[in-house]
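There are structures below to look over.
Two complexes follow with subunit A in common, the first pairing it with subunit B and the second with subunit C.
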Partner chain A sequence: MRATRWVLGSAALVAVPWIAAAVVPGQQRYVLHVLIFTALYGALALSYDLVVGHVGSLSLAHPAFFGLGAYTLALLATEARWPFALALPAGIALAAVVALAVGVPMFRLTEHSFAMGTLGFAIVTQVVATNWVDFTHGPLCVTGIPKPQVGALRIATLPAFYWMGLGALALVALLYRGLTTFRLGRAFHAVRDNETLAAAASIDPLRYRMLAFVIGGGVAGGIGALYVSYVGVLCPGELTVSLSVNLLVMVFLGGVGSLRGVLVGAAAFTALPEILRMAPTWRMVIYGLLLLVIVIRAPDGLEGLMRRASSRRRRPASSGA
Partner chain B sequence: MALFETRGLTKRFLGVTAVDAVDLTVEAGELVSLIGPNGSGKTTLFNCVTGYLAPDEGRVTFQGRDVTGVAAHRIARLGIGRTFQLVSVFPRLSALENLLTFLQQHQEESLVGRLVRAPRVRRLEAAAVERARSLLDSVGLGGRTEAPAGTLSYGQRKLLAFAAALMPDPDLLLLDEPAAAVNPTMIEQMKAQIRTLHRQGKTVLLVEHNMDVVMDISQRVIVLDHGQKIAEGAPEVVRRDPKVVEAYFGR
Partner chain C sequence: MSDLLEQLVHGLTLGSLYAMVATGLALMFGVVRLINFAHGEFYMLGGYAFWYAYVELGLPYPVAGLAAVAAMAAFGLAYERAVIRTILARTWHVQLIATLATSITLTNLAIIVFGTQPKEVPTRLSAAILEVGGVRMVWQRVLVLVAAVAIFAALEWFVAHARLGKAMRAMSQNREACAVVGVDVQQVALATFGISAGLAAAAAALVSPLFSIFPDVGALLTLKAFAAVILGGFGYVRGAIAAAFLIGIAESLAAGYLSYAYKDAIAFVVMVAVLLVRPQGLFGRRIGI
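This part shows the complex of A and B:
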């Protein structure tokens, strides 16, 4: 039963380009574009939730790792003519290595000072991207980033990018689930909830915080690389603090520490501003008001709302039986 | 060779010597109590030997191995379990998950193995769950396995922390005031638990304020006052020691 639903759901997700073409023929390109962003944001939010939700370290460095992966691919693909199949892993590896190097001093800080330290790192990264014009082209942006090509497979059309985004999201979701369940997941949560007691349970807090930070950073780098190969242009503005704010909204208003919650959050908060384009003047005002309503009505995020709704649905059924 | 030993263990805080050149020996299978008035350095000593504080002087050996200044998670991995004076559990995890969390080194799995839910991982998990359930049963929490630890009563959390410390089957168990701030029924239950452990051959070092508990169950008592060891011996001998009486009741 569950397996059938799973197969049908996956098949429907894969078939979206055809469904969109049939249902909204004039808008297929736009719908796919929003869905590609949703998939990439979903994967990015999951990688962020590993750090923020599962080991409980409020890092604001995620835009920097996203940017490192993005710039690695952009510069390697344009200046050095590296193929996508090499430039993507290079982006992931560089972001992960930098996360490791930055994590060593940063994790000597705790709580608020950790947040400030990582914010500082993110700002420095953006300033370097803006001002090191010889290397990053600064505000002139890296342009003409080629479409990904792996062997004979060339990802150039919107449906192809959609399937690429969907595949990336599926991989990241699988990794997320593997990391946050069983022994590893319990160690993450132990470190988050009570560091002192975690050590008594032979869990090294620093090691697990580092693990989440480095994997989260590497994944963010990979998503950054995919993002620029879709968009084709990379400007330093992509790395600003507002990316952290978006991710925080998706994770905390979606459902911190929950796969479903974070994905719903990513979908809702990518699609919402698009839907609100119907009222262009008031768009951001309505968006802000909606955020406020969610914070007040569902402080534990959309995941909390869904959980309460499904338990309400179950209760009358069981009392009737 | 003693299972566990400190030699000249000293810890100072800003000029106050909290633990002052303490020599302490625990043989395998012993049940030893560490007592002393408030502020006599018992918990500081516990923290020094479990890696939570670095001692300023002296040596700690466990199973013939120098473990002075080794990090807390490594000490735990070597087989020293401990509980905390202020009850310490993972409040958001269920009682069962609290125990499973303590079984880290017994579940070496590869990331790939977990991603595909390899049969070996399932088997290890099932064995761990079974052990956790039986431990929860033995402390009387068998009916609360799925309850978030934060929703349990104070006494129940204390029992949960005790069961969790037993989960990795430590060679030495350090209990910091297991009977403090729990009701008399719970104290009896705690005493019975510790006795059972002792009968099973476990080595236990106990910090405790409740004299009834100490005198009732320990084989040997060590008394600290102002960070120094002032007496050591069988419970009934220590109880009559004038130095001990003076430390507790004043002159």
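This part shows the complex of A and C:
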């Protein structure tokens, strides 16, 4: 029963380009574009939640890792003419290595200081991306980033990018699942919930935090690389602090530390501006207020609501609780 | 040589600005153990309040400055009642995200209300030049330095002798004990936010004639002030003030002799470098105002 639902669900997701073409013929491109962003944002939010939701380190450095992967692919593909199959792993590797190098001093800081330190790193990265004009082109942006090509397979059409995004999301979701369940996941949660107790049980908090931080950074780099190869242009503005805010909204709106919650959060977040159709500035005001209300009033996010709803369905007798 | 002295004067001005903002952060942290990520936005709003009073209403400079301080102190009180009080009992994650969310909301509201074009607020003092032994500086910088020293002296007296100041000091040492002996901890927390926001507005009224006011001025400022708070030893106000001046001077020397574009990275680099050697900050590990 569960397996059939899975297969049907996956088949429906893969078939979306044809479904969209049949249901909304004039809008197919637009729908696919929104869905590509949803998939990439979903994968990025999962990589972020690995750090925030599972080891409890409130990092604000994620835009920097996203940007590192994005710039690596953009510059290697345009200036050095590297093929996509080499530039993508290079982006992931560089983001992960930088995460490791930044993590060493940062994890000496705790709580607020860690958040502030990582925010500082993100700001410095953006300052460098804006000012090192000879290398990053600064505000002139990197343009003409070629479409990905692996062997004979060329990803150039919207459906192809959609499948690429979906594949990336599936891979990241699998990785997320694998890392956060089993023994490793329990170690992550032990570190998050009680650092002292974890250390006493010979679970080294630093090692597990670092592991989540580096993997999260690497994945963010990979998503950054995919993102620029879809968009084709990369400007320093992509690395701003507001990306961290977007990720926080997605993760907290959906439900911290939950695969389903984060994916729902990312989908709701990407759909929201399409529904609201507002100027970007008003959008940020609304996100800010939304985030404020969520963390204060509903810290479990939508996942908390869904869980309550499903438990009510399962046990209709004990509705008093 | 005179070039170096000029850079030092610039550094001291910057240091005064960072110190006034960092003092507010350190006071809040000392009294309620909360880091206010929206503190730079208090400075930003203070700057706009000052601009409105001075340029739009045409009030004289001291009156406009005091009006901005009063307006922001009231804003600080409202912020404590509306946001801080609801999150004080929550985890630091919630507190951090809530104040960060406030910061984003305020910045973007400012963009909508005032536009992204920076506001310039020249005063008579920011055009008049003082020359001492070959070192040229505008009088406004002298005013900033004198006012900063006066404000810090007043604050020092306030915390040491005034009833409220003593209560703040006591709360930074032991909140429960304060409540037990009858200190109204909520009122003290409220007053702390008023004072901290007022300090940020005072900084804005003093330095706005030198630097312009724009909506996202706050983000970097919070970061630098926070760097000063970490370097000074968490919650230790005098340490934060000293570290703020250190950062201001390092930044202006770096802007003068290394690279202007990368000056904003300096505070951060200094912070990381110090923390690698002394994770407890420059001035020991003492919590308390």
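Keep this in mind: the second predicted complex is superposed on the first by the 294 of 321 C-alpha atoms of A that agree within 3 Å, B and C clash if a C-alpha of one lies under 4 Å from a C-alpha of the other, contacts with A are read in each partner's own complex, and residues count from 1 in each chain.
As a convention for this text, a residue touches a chain if its C-beta (ideal position, glycine included) is under 8 Å from a C-beta of that chain, and two chains touch if they have at least 3 such contacts.
Predicted model, so just to flag it, every value in this text is computed and none were measured.
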item	value
First, second, both or neither for A:A212, with subunit B first and subunit C second	neither
When both partners are placed on the shared chain, which of subunit B and subunit C touches more of subunit A	C
Subunit B versus subunit C as contact partner of A:N131, first or second or both or neither	second
Which of subunit B and subunit C A:I36 touches, first, second, both or neither	neither
Touching partner for A:D193 - first (subunit B), second (subunit C), both, neither	first
Subunit B versus subunit C as contact partner of A:V55, first or second or both or neither	neither
First, second, both or neither for A:W282, with subunit B first and subunit C second	second
Partner chain in contact with A:M116 - subunit B first, subunit C second, else both or neither	second
Partner subunit A, residues of subunit B touching it in the complex	50-52, 71-74, 76-77, 81-82, 84, 88-93, 97, 100-105, 107, 109, 111, 114-115, 121, 125, 164-165, 168
Touch list for subunit A against partner subunit B, complex	174-175, 177-179, 181-184, 186-187, 189-190, 193-194, 196-205
For the subunit C and subunit A complex, residues of the former touching the latter	35, 83, 86-87, 90, 92-94, 96-98, 100-109, 111-112, 219-220, 223, 226-227, 230, 234, 261-262, 264-265, 267-269, 271-272, 275-276, 279
Contact footprint of subunit C on subunit A as seen in their complex	56, 58, 105, 108-109, 111-113, 115-117, 119-121, 123-124, 127-128, 131, 241-242, 245, 248, 252, 281-282, 284-285, 287-289, 291-292, 295-296, 299
